[in-house]
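Think of it as A, B, C and D in the order they're written, each chain with its own count starting at 1.
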Amino acid sequence: MMLPYLALAAILFSIGLFGVLTRRNTIGILMSLELMFNAVNINFVTFNKFIWTDGLVGQMFAIFIVVVAAAEAVVGLAIVLLLYRNWQGIDTDHVSVMKW
Amino acid sequence: MILSSLVAVPLLGMIIVMFLPKDKFNAIRWTSLLISVVPMVVSMWITWDYFFNLSGTSALAYVEGPYDWIPSLNIQYYLGVDGISVPMLFLTGLLSTLSLLASFGINNRVKEYFAFFLLLEAGMMGVFVALDFFLFYVFWEIMLVPMYFLIGVWGGPRKEYAAIKFFLYTLFGSIFMLVAILIMYFTSEPHSLNMVILLDHGPTMSHTLQMVCFIFFFIAFAIKVPVWPFHTWLPDAHVEAPTAVSVILAGVLLKMGTYAMLRISWPMFPQALRDLSFWIAILGVIAIIYGALVSMAQKDLKKLVAYSSVSHMGYCMMALAAFSSVSAIAGCMFQMVSHGLITGALFLLVGVIYDRAHTREIAAFGGLGAKIPVYTGIMVMFSMAALGLPGMSGFVSEFMIFVGAFGALNKVLVGISVLGVVLGATYMLRMVQKIFLGEFNMAKWGGLTDINLREIISVAPLAVLTVAIGVYPKPLTELMTATLENLVSLMAR
Amino acid sequence: MEFKLPDYNLWLMLPELFLFVWALLVFTFDLVTKRKKESAVGYSALLGLLLTGLILALVWTGVLVPGKANGYGSGFGNMFYNDAMALFFKIIFLGAAFMAIGSSFGITRQKIVNHRGEFYGLILLSTVGMMFLSSSNELLSLYIGLELTTIPLFVLAAFFKDNKLSVEAGMKYFVIGAFSSALLLYGLSFLYGLSGTTEIVQMKINLGLVHATIRDIGVILIMGVVMMVAGIGFKLALPPFHQWAPDVYEGSPTPIAAFLSVGSKAAGLVAFAKIFVNGLIVFYDPLQAPNDWGTLVGVIAVLAMVIGNVVAIRQSNIKRMLAYSSIAQAGYIMIGMVSLNEHGLASVGYYIFAYMFANMGAFAAVAIFEDKTGSCQIESYRGLAKSSPFLSVTLAVFLLSLAGIPPLAGFLAKYKVFAAAISMATADADYSWLYWLVGVGLLTAVFSLFYYANVIKQMFFSTEDSPYKIKFALPSLVVLLMGLVGVFWFGIFPEPVLDLASDISAAFGFLPR
Amino acid sequence: MTEYTFLIPLLPLFAFIMIVFFTRWKEMFSALLSIAMILAAWVMSVVILIETLGRIDEPFQWAYKFVNLPNFVLEIGTLVDPLTAVMLVVVTTVGACVEIYSVGYMHNDPRFSRFFAYLSLFLFSMLGLVVANNFFMIFIFWELVGLTSYLLIGFWFEKKSAADACKKAFITTRVGDLGFLVGLFMIGIYFGTFNYGGVFEIAGSGVIPAGILTAAAIFVFCGAVGKSAQWPLHVWLPDAMEGPTPVSALIHAATMVAAGVYLVARSMPLFVTSAEASLVVAIIGLITSFMAASIGLVQNDIKRILAYSTVSQLGYMIMALGLYGYDTAQGHHSPGFYAGTFHLMTHAFFKGLLFLGAGSVIHAVHTNDIQEMGGLARKMKLTAPTFMIASLSIAGIFPLSGFWSKDEIVAAASHYPIFLIGTLAIAFMTAFYMWRLCFLTFFGEPRDQHRFDHAHESPKNMTYPLVFLAVLSICAGWVGLPWIHKGFATFVYHGEAYEPHANYLLMAISLIVGLSGIYLAYLMYYKKSISADAMAEKFKGLYKLLYNKYYFDEIYQKVVIDPVMAFAGLMWKFDANVIDGAVNGTGWLTIKWSDIKEWFDTWIVDGAVNGCGWVVRQGANILRFMQTGSMQFYALFIAVLVVLFGLYKFEVKFLKIGWPTVTIIFILGVTLLALLTRITQIKFKANRRTDGEE
C-alpha cells in the first residue's frame, strides 16, 4: 500500500542526490536539493497517512520543511549571486580553489 | 606545608621573574638564584630532619592531605616523602640551584629562560613529593613544557629536532602511564587515585591486568630513564640542550623514571615484576654494555657523557631487576644520586670547555692538562668518579648493585654486566687522554683560560658530595634503609 | 467549546527570546546610527550576550521562573525542555558567541565596513538557534533549531562578498550543509515512520516496543541511523563528513571559523546526544541490536582522530591546521559520547567546555594576528615571541591545552573522556572495543602535539625577530584573557564545572552506580 | 702503637691534601712535607713491627661499619698481623728512599709539587691496601693505587707514549680487577661477609662447595694477575716505564705490583682450600716468570729489562705461593708461603735499588738504551757498585738477600720436576740478563762518547738512598737464614710455622746456576768471546720472537682492542641509523621522495620529525588528497560513505522485497552512477597557491 509512495520518495531523493553530485551549474544543485527535501516531505506525509494516522505530526513536519527549505533556497541563491559577481559564472568549478 | 612550599616557591618565583623588566639581566639572574635557594635549603632541611628524626621507620613523612582536589574524580592533593624521595629532593634542590648558577652565561632572552627554569624546578619537585596519581601525572607532564622550550630556544644547532623529539618521546610514554592509571582507578573499589591505597590494590588485580599495567607503566618510565631501546631521545636532547639543562636532564629527569618505578610499578605489581624481572635485567645489561660501547665511539664530548648516562642508568635497571635484594635497591638509589652528581658535574664541565673553545670535538683538543690544570684536575676527578673509582660515590653504588644483583639474578648476566666497568674505564680514559694528555697545540688553544671562580663554585658542591658519599656512605644508607626494607617486602608479595 | 491553551511556560525560554529580540535590535541599531558607530554595535552585541547570560543564570536558579525552584522543566507544548544539558550547553553557546564577537572587532573595522550590524546580529541569531536546539525535546524543534543555527552561518561564512575564498567557503558550506540536512531529514523521516512520534522520550519507548516485536526494522533503521549520523556528523565535522571544514574555516572570516568550530560543533553534540544517546539508546549495543550505532560512531571517532591529527601535520595555513585539529577534537569528544555511563556525557560536557576556551582563544589569537598582518601562514608566526610575547604565550597556552598538556583544562578534558571509555570497558568485557578508541586517541594525541608544537616552535625558537608587533584592541584582549583564565582555572579547579557536567549524565539517566 | 695503625695511611693523605690545596706553590716545602710524613709513617711501621714481633698469634683488628644494610655490611678497618707489619715496613722504607731520591731526580720539573702530591697519594693508597682488614676495603685501595699509578705513569703526559701507557696500564689492570670484583661478589654472596677473618673461617669450615671456593679463589687471583702484571695481563708493566724512574722504582717494582702477591698471600686460607685454584696460580706464575725472563734476555732499554725482570720475579713469588697452596691443600708441608713473602720483601729492596740506580744512570746519560752506554763504572763511583750489589742479589749469589729468598722458592718447587727445571732456568736467565745489563752499562768502552763525556755521578740525595737500599739488599735476607730458629719463617706464616732447614744441595745448585748465568754474560758482553750478534743470528726466529715480546701487544691489538672498537663503532652506527632510524622513519627516504617535495614544508625537512613521523607524514599526504577542493566531491564522499556504512551494518537476512529495499537499491545505484560521472571530472591538480589570502 505504502510502497508506491515511498518508492516515489526514494526515486525523487535519488534524482536529487544525483543532481547534487553531478550538476555543474549551482542553480541546478539548488534545484536538486529541493527535490531531496520534497522526497523527505513525501516520506513524512506517507508515514502519517498510512501508519501513524492519529495526529498530524508528519504533515506538520512537512510544512516546516517546506518553509525552512524556502529560507535555505533564499540564502543559497544569494550565495550563487555572489558567485556570479566574483567569477561572472555560476559553475561549480570556480569554487574549488581551496583544497588540501 | 613544607612540601607544598617546595613546589610553590619556584612557581611563585616564575611569576615574579615574569614581572621583572626584560633587560635587567642581573636582577633576573640573582632573583631566580635566590628563589631557587629556598627550595634547596628546604630540601636540605628535610633531608637533615628526616635523617635524624624520621629515618627509623618506613612511614611517609611531612604528609599533606589527602585533601580533596577534584572530588568528583577522586583526585586528591596528597604529598609526602619517604626514604626514596628525600635524596631525590635533595638532589633536585641542589642541582637546580647549581644549574641556575651555571646559567648566568645565558644572554639571550634571559627572562624567559629563568622563568622556564623555575617552572621546571617546580615540576621536578612535584614529581618527587606527589602521592596521588593524577597529581603525579600532572607534575610529570608539566616539566615537559619548560624542557621543550629550554632545549628548543637555547639549545644547539639541532635544537628544534631535539626538543620535539624529547617532547614527543616522553609524551608517548606518558600516555601509557595514563591508561594504566585509569585502569587501576576503575578496577579499584572504591575508585581511588591514591598511591598508598593502590599499593594494596595492585596485587589483587587479575594477572593479565597486572601485566598490562606493569608494562604500560614500564614503558612510560623506561622512556624517561631511558632504558635501551627507548634511549634515542637522550643523546639528542642532552647534546643540544644548554649546559644547565643537560645537567638537569641527566641529574634529575632521568632519575624520575627509576624513582617512579620504585615508587609505583615495582611495589604495586609484584607478580608481574617477578615474571618480567629477567627481561628487565637483560635490558639493563644491554644498556650497560651498549651505552659504554657507543660512548666509546663518540667524537663529541657531550655525546660521550650523554651515552655514558645510558650505561650508568643501565646499572639502575639491573639493580631494579634484582628487586629481592635490599643492597641492590639501595645501590640503585645510590647510583641515582651519584649519577646525578657526577654526570651533572661532567655536563657542567663540558659546558665550561665549550664556552671557551666553542667546540666539543674530542679530537680537536690535546694536552690541555698543561694549559688549564685546575680544570683538568676537576675533570679527571669526575671522570674517575664516573668510571667507578673507589672513594667516589659511583663505586659504592656499583659495588652494592653488583653484590645485590649477583645474589638475585642470573650470574652469567651479571658477569657480563661487570664488563661495563672496564668499558667505562676505557671510554673515560680515552677521553681524558685525548683531551688533556698528549701534545698541546699552542697555536690553537693558546688563548684558553682556566675555569673561573663561578664555575668552580657550581661544581665544588658536587665534588664534595661525590667524595663524601664515596668515603662515608653511611648516612645515605641509614636514611633509606627502613623505606627500602619496606619496599622489598612489598615487592616480595 | 472551551479551548484551553497548553502551559507554555515562556519563562523558561526567556534567554532565547531575549537574545532574539536583542539580535533584531542590533540590526536596527546599526541602521539607526547610520553605520557610524564603529565599535558600538559590537559592544552592544557583547552586552546582549552578557545580559542573556545573566538571564540564563537567573532562569536556571529559578529566580525568574514563577513557581519553580529551578529552570528545569518543559514548556511550549512539550516542544521545549530545559534540562541540565540544555542549560550547560547554552553557557557554551553564549561563551563561544561572546568570544567570537570579541575577536571580530578588527575584522569588522577593516573588512566589513557596511554590514556590521548584520554580522553581529547573525551571530546572535545563530546563537539563538543553538540555544533552541539544546532545549528541543522533539525532532521538529530540533530540526528548526539546527536550521536556525546553520542558515545564518551560511551567510556569515560568505560574508566577505568580494573575497573569492569567502564566497567559495560560503558556497561549499551551503551546499554540503543543505545536502546533509536533507540526509538528516530523510533519516528523521524513517525514524518517524518507525516510531510514529517526534517526541524523543516517547520515541525511545516506542522504538523499544517495535524492536521487541518486528525484526526487520533493521534495514530501515540502518538507513535512518546512517543518514542521521551523516547529517549530524556534518555539523560535528566528523570524518567522512568533514571535508567542508578545512575549506570553510580557511575561507570564512576567522571569528566565524572559530564560532563554527565551537558553537556549531556543540550544537551538533547536543543533537547527537538527544537523538542517539537518548532516543536510540536501545540500538546502541551490538548485543541487543544488529544495527547498532555504537561501533559505527566508534569507527567514525577513530577516523576523526586519525585523519584530523595526521592531516593537520601537513598544513601550512594555521586556520586549516586548526580546522583539522577541531576535527580530531570532535573525535575525542565522540569517545565520551559512545561511553554510555555516568562519565560519558559528563566528559563530553566538560570537554566541549574546555575546548571552547582553548579553541576560541586560539582562533582569537589567529584573528588578531591576521588583522595585523593579513596572513594565516604558520611560517609568518616566526619569531613572534620576541616582538609580541603576550600573544605568543597565550596562543602557545591554548595550543598546549588543545594538545592536552596538564594542568591546562584540555588535559583534564581528555582525561575525563578516556576515563569514561575505560570505566565502560573495565566494567564489562563486551565493551572492550572502547580500549581501542582510547589507544588510538592517546596515540594520535601524541601526533597532535607535533603540529601544535610546530606553531610554538615558529613563534619561540626562531632567533630572528618577527617584523610584526601586535597591538590589541580591548575586546580581543578580553577574549584572550578569558581564554587564558578559563584554560588555567578550569584545569586546576574544575570541580564546579564537573559537577554541572555530571548533571548532564544524570539528566540522561546515567546515574553513578 | 698498633691501635693507631690507621694513622699510617692517613699521614701521606694529609701530605697530599696539604700539597694540592695549600702548599702547591712552595715546591721544596711540599717535598719536605711529603718526606716528613712518610718518615713518620716509617717510624710508626717499625714500632708496629717490633710490637708485632711480641704477639705473632694475636693479630690486632679494628673495624668500623661503613655501610650497614640487612645482609650487607661494608667495613673500614685495620688488621695488623706479621704479614701486614712486614709490608708496612717495606712500603714505607722504599717509599721514603724514593721520595728522598726524587728530590734530586725531579728537580726543575714544572710539576714538582704535584709529583710529591701524587707520590703521597700513592703511599696513602698502598698503605691503606696493606692495612685493610677486609676484601671490600682492599679493593677500594686496590683501585686507588691503580689510579695513582695511572696519574704517575702519565706524569709526563705531553709525551704521547706516556699518555698511551697510562691508559693502557689502567685499563689492563682493570680487566684483572673485573675478575677480582666478580670474586668479591662471590665472596659477598656465598660468605656473607668481606672480613678476612670471617671469610677464611667460613672457607675453612667446609660449608661452601668446593667449586665455588675454587671459582672465588681464581677470580680473586684475577686481580693479582692484573696488578702484578702476570701473564696474560703483563703487557702494561713494561709500557709503564714511561713514567718517571722513581715512580717505576716505587710503584712498578717494589710496592704496587707486589700488591698482587700480597693479595694472594693474604687470601692464602682461601687458596689452600682448593688445590685446583692453587695449581692455576702456580702455573700462571711459572709461565709469567719464564716468559718475562726470556724476553728480558734481548731487550735494550734499561728500564724495560728491569720491568721484565720485575714481572719475572713476581711470577716467581706467585708460583711459590701457588705451590704452597697446592701442597697444603693436599696435606703436605711446603716452604712456599714463607718463600714467596720472603722474596717479596727482599725483592722490594733490591729491585727498588736497581730502579733507582737505573734512574741515576739515566739521569747521567739521558738515555735508556744500554747500547749507548758503557764504561760508566769509571764515572759513577757510587751508583755502579750499589747497582752491582743489587744485580748479584737478584742473581741469587751467596750471601746476599736474594740468595736466601730465591733458595727457598727453589726448595718449594723441588718436589715438582717441571717447576724445578723452570725455576732453575729462570734463575739462570735472570743472572744472565742482569749481568748483561751490568756489563753493557758499566764496563767496557763507552759506545757513545758524547754521552759518556757528559755523564756524572748523581747528587747526594740520590745516592744516599742507593747506599741505604744496598745495605738492605745485602742484609735483609739474613732474617731468614735457615739456621736461625726465630727467623722470618716463624714470623710470617700461614697455618703452622714452617721450620726451614738448610738444603745444601739445592743451595749449591742454585748458586752454580746463578754464577753460570753471570759467567755467560761475562763471556758474551765483557770478554766478547762469544758474539752476541752471532747468537742472535743463529737463533733468528727465537730472537725476533723474544725481541718482540712474543707479539703480545700486537695480538691484543688485533684480537681484543680492534674488534671492541669496531664493535663500538658498529653499535654507534646501529644506534644512529637503525634504532633511531626506525623511530625517525629513515630520514634519507624522505629526501628521496623529492618528486613530491612540493608538499614538503620546510619545517618537515627541517627535521622536526618524531616517532613514526615518516609514516604519519606520508599518511597525511595521502589523506590530504581526499581534500580535492570540489564541494561535489565532498558530497559524493558523504554519499559513498553513507552507503558504505549502511552496507557495513547490513545483514542479508533482513533483505525482503519491500520499500526499504527499493530505496536502498535506488540510492546505491544513483551514488554509483554519480561516482562514475564525477570521478572523471575531478582534477587532481598538483599545485595550489600556498597562500590562503588574496
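Just so we're on the same page, contacts are C-beta pairs under 8 Å (C-beta built on N, C-alpha and C of every residue); 3 or more make two chains touch, one makes a residue touch a chain.
Keep in mind that what you see is a predicted model, and the values were worked out from it rather than measured.
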| task | Any chance you could name the chains that touch chain B and chain D both? | result | C
| task | Work out per-chain C-alpha centres and flag the one nearest the whole-protein C-alpha centre. | result | B
| task | State, to the nearest whole Å, the distance from the C-alpha centre of chain A to the C-alpha centre of chain C. | result | 25
| request: Could you give the separation in Å between the centres of chain A and chain B, each centre being the mean of its C-alpha atoms? | output: 65
| remark: Distance between the CA centroids of chain C and chain D (whole Å) is 72
| request: Provide the C-alpha centroid distance between chain B and chain C, rounded to the nearest whole angstrom. | output: 43
| query | What positions in chain C touch 2 or more of the other chains? | reply | 164-165, 171-172, 175, 179, 246-247, 250, 314, 446, 450, 457
| remark: Flagged in chain D as touching 2+ other chains are 599, 608, 610-611, 624, 627, 629, 631-632, 635, 663, 692
| query | Which chain A residues touch at least two other chains? | reply | 13, 20, 29, 95-100
| task | Spell out all pairs of chains that touch, sorted by label. | result | A-C, A-D, B-C, B-D, C-D
| note | chain A residues touching chain C in their complex are 13, 16, 20, 26, 29, 33, 36-37, 39-40, 43-44, 47, 51-52, 57-58, 60-61, 64-65, 68, 71-72, 75-76, 78-80, 82-83, 85-87, 94-100
| request: Report the residues of chain A in contact with chain D in the complex, numbered from low to high. | output: 2-3, 6-7, 9-11, 13-15, 17-18, 20-23, 29, 92-93, 95-100
| query | Across the complex, what residues on chain C touch chain D? | reply | 163-165, 171-172, 175-176, 179-180, 183, 215-216, 218-220, 222-223, 225-227, 229-230, 234, 240-241, 243-244, 246-247, 250, 290-292, 296, 307, 310-314, 316-317, 319-320, 374-379, 446-447, 450, 454, 457-458
| note | Within the complex, chain C is touched by chain D residues 599, 601-604, 608, 610-611, 613, 616-617, 619-621, 623-624, 626-627, 629, 631-635, 637-638, 641-642, 645-646, 648-651, 654-656, 660-661, 663-664, 690-694
| message | Help me check something: in the complex, which residues belonging to chain D touch chain A? | response | 599, 624-625, 627-632, 635-636, 639, 658-659, 662-663, 666-667, 669-671, 673-675, 677-678, 683, 688-689, 692
